[in-house]
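Letters A, B and C mark the chains in the order given here, with residues in each chain numbered from 1 onward.
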């Protein structure tokens, strides 16, 4: 008797489960509301990384404009793919946002991932930061009379042996170094030091001669930006000339961006709501001050304009990956 | 080498374990005629498994790109894996000598393997169910089963421990630490069904 | 004198109710979370990070530094009580801590751990306060060649980890090194041995391997010898030694503190290398070296002190150069940056109050660790007295949830179980597991620095740079010396028996 009862209960449970499984996953009904459930921003970096810090601060400031609960979830690894797969795997209901940076696109292109999925599976809703490229040397070298032209002269003297610290070969900073060498007609050796701080340590210790980084890499350190990719001199970096001033205007737009994306098919009300939030935060004095302190230009660039910037990243990555023989 | 490496690199991970098992089986059969080695068979099999890992890694290293303008002066991706394999060869021989000469301590006798097997099966099933019935239900069931296997018969403990664990993990891991414990597809769908 | 005055001002500043409360909360949260395997110190600190956004930066730092110190200490507690390292650097603690706990000396082991953490913490902070700038300059002399040579020296400790079965220890370390080559090539981005698994793009995460090898491996071993009739542990009555007992371990603690601090100062080395080196050094110089690995108090003192001294050391490059010396320090740096403060040499000039307040809060945090740890001692030591069915169940549960929590990944849970089986099999057949960890910890750092050094200077980098050369010579000596010792001892024994025969 007990066995039969058990069987009946089991069958009933299974039927319930199967009925439940049959429901369509992606249907979102009714108007979208930011308060219905917490909104998660998934980033590809660990706590303390650039996008993580920016996002946490963004959320903190956004509280002044909305009562919605927004949380950060760090999903580092897989060359940014773990985070991307996670976002693309969740429903397009507007409650999951991808906190993306240029390296997401670099990696997707250089590793030959399906761009229809990893780039065009997203609606790129807002770019929030523009982090300009910078050529960095030590303060000590600067005081001894070294500047960007000095770096170029040294490179010529060393005949390709001048060492430029980059985080990884075949990445964005490596491409920037190649672009500079191409534009200036010198040659150097790009050496990977894994991260900005370790690259900075290599330059400070003399293992590398130059760091290809962002102005932010010099903050607090005994380092100086010898050239910066910016339309005009940046506040706080007044003694650092722009590439245009140095005679290389074609290098003036090299930068790393950070921004947000959602899965295609996300309710348009959500996108509008979030873009409004970005606009409000981008005008917030605290946000402006934080960005200025790190020599980052806060921007609020949306949808189509943002997608054009992404296309630019794709093209640059393709060009240099082919040049280096990473891609056919 | 390159063809072998490509073939090995292309095999999905479950097949890698099948290959390993075949290799270990072959080594085991080889030892059958040598009675003197029998007391050390376990040690030998561990050694064989690590040697196999070395062989596979060595062969696959031939599929990695070599020097190019991209790497410059840098030793390419295969340098270090091959270096460890080169170091592995003499070490394996040095470890084999005392085993063949019968100088090592013999393998210990197997203990209660049934217990290990049952617990491991329960653990694997419970972890496998995370994605279906969710972490909470699955681990609560696992607790009851495991405590029962280990000889606990107190009803109070069999109820209090899983209940306490579920409450603890919910508040500490899910709420406080923001760990996304799997809710389980079945549970999610049922919840949606009710919503 | 100015330093003393600044430090005094900093201490006065931290003596208010709020700052003390912040440090207390930080230490308490750190200690509680740190005991959970899988919750790293950097995760605990990141958890508190958002609370500091709205706080005065000094109070925020006090909170986070307290958490850093607390978490660092308590990561070693499960290593002693249940053979589960909470962090990679607490692995050497379990070599002697766990055998001590098993033989009913858990109170003693945890006491040593607490005091050595205190001594190490104070020592590391003192070095930070007194010598931050010159030490950081020294650390900059470490190029890739030096880092590689330091790793080789760390690897040489395998000679003492294996003991009689040194061949098996070598096999184990090479297994670890081979495993470490899996994943994306860190310098060129080439995929190596990933077998189509995205989760393997980054190679294995260290923590599931550690938890699996030690905690699950030990558990499977216990299950193999389990009898349902014998559910109870032998009840131990724990003794807590008098202060004088700890005083006897002062030199061990100090030596290890020096190693921990020095390695901590190097931004590219990591705390695990420090604890392994400190443990190895102590084993070599100790008169009690035969007991290492079987429950030597000196072993616990060495790894505990080194691990804790490392926190002070890792803040040196942050404050003097603006470069984080450890993952947790990177989180601390981001806390400062959110307040618009850029850690680095400018901070001493622009924010002296903050800097010296931080120093003071580190001393206070070390003291709080001592008190809170002392109060907690009696709780933790009791875990070993819990009935076996419940204790084993909890260890299983913590290993699974711990390995999942690191990256919210089911893959890591699978890795943890697989390494549990490997740990059990290794243990059964006399292959030590600690060298596997050594291989996994060192492999990546070794590879990157080796290839960079070759790229820059070719093989010449290793013999033209004095420090690198010294490390390499030391490493060779460290490997060869035990063999010479053994050979001599054997010859002596032979001569004695021959003498007796005559």
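In this text, a residue touches a chain if its C-beta (ideal position, glycine included) is under 8 Å from a C-beta of that chain, and two chains touch if they have at least 3 such contacts.
Quick caveat: nothing in here was measured; it's all calculated off a predicted structure.
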By number of C-beta contact pairs, the top two chains: B-C
Per-chain CA centroid nearest to the all-protein CA mean: C
Distance from chain B to chain A - Cα centre to Cα centre, in angstrom: 35
Computed distance of Cα centres, chain C from chain A, in Å: 32
Euclidean distance of C-alpha centroids - chain B vs chain C, Å: 25
Where chain B touches two or more other chains at once, by residue number: 70-74, 180
Two or more partner chains touched - positions in chain C: 43, 187-188, 408, 452, 455-456
Of all residues in chain A, the ones touching two or more other chains: 73, 169-170, 189, 326
Residues of chain C touching chain A in the complex: 42-43, 46, 49-50, 53-54, 140-144, 184, 186-189, 198-199, 201-202, 267-268, 317, 321-324, 327, 330-331, 333-334, 337-338, 340, 342-347, 407-409, 448, 452, 455-456
Complex contacts: residues of chain B adjacent to chain A: 68-74, 178, 180, 185-186, 189-190, 192-193
Complex contact set, residues of chain A against chain C: 46-48, 52-53, 56-57, 60, 73, 75-79, 81-82, 85, 110-111, 163, 168-171, 189, 191-194, 197-198, 200-202, 204-207, 219-222, 289-290, 293-294, 326
Contact set on chain C toward chain B in their complex: 33, 36, 39, 43, 47, 165, 167-168, 170-171, 174-175, 177-178, 181, 185, 187-188, 190, 192-193, 195-197, 220, 223-229, 231, 387-390, 392-393, 396-397, 400-401, 404-405, 408, 410, 413-414, 417, 421, 424-426, 428-431, 446-447, 450-452, 454-456, 458
Partner chain C, residues of chain B touching it in the complex: 9, 11-13, 16, 42-43, 45-47, 50, 53-54, 57, 60-61, 64-65, 70-77, 79-81, 84-85, 87-88, 91-92, 94-95, 98, 104-105, 107-108, 110-113, 115-116, 119-120, 123-124, 127, 130-131, 135, 139, 142-143, 146-147, 150-152, 157, 161, 165, 169, 172-173, 176-177, 179-182
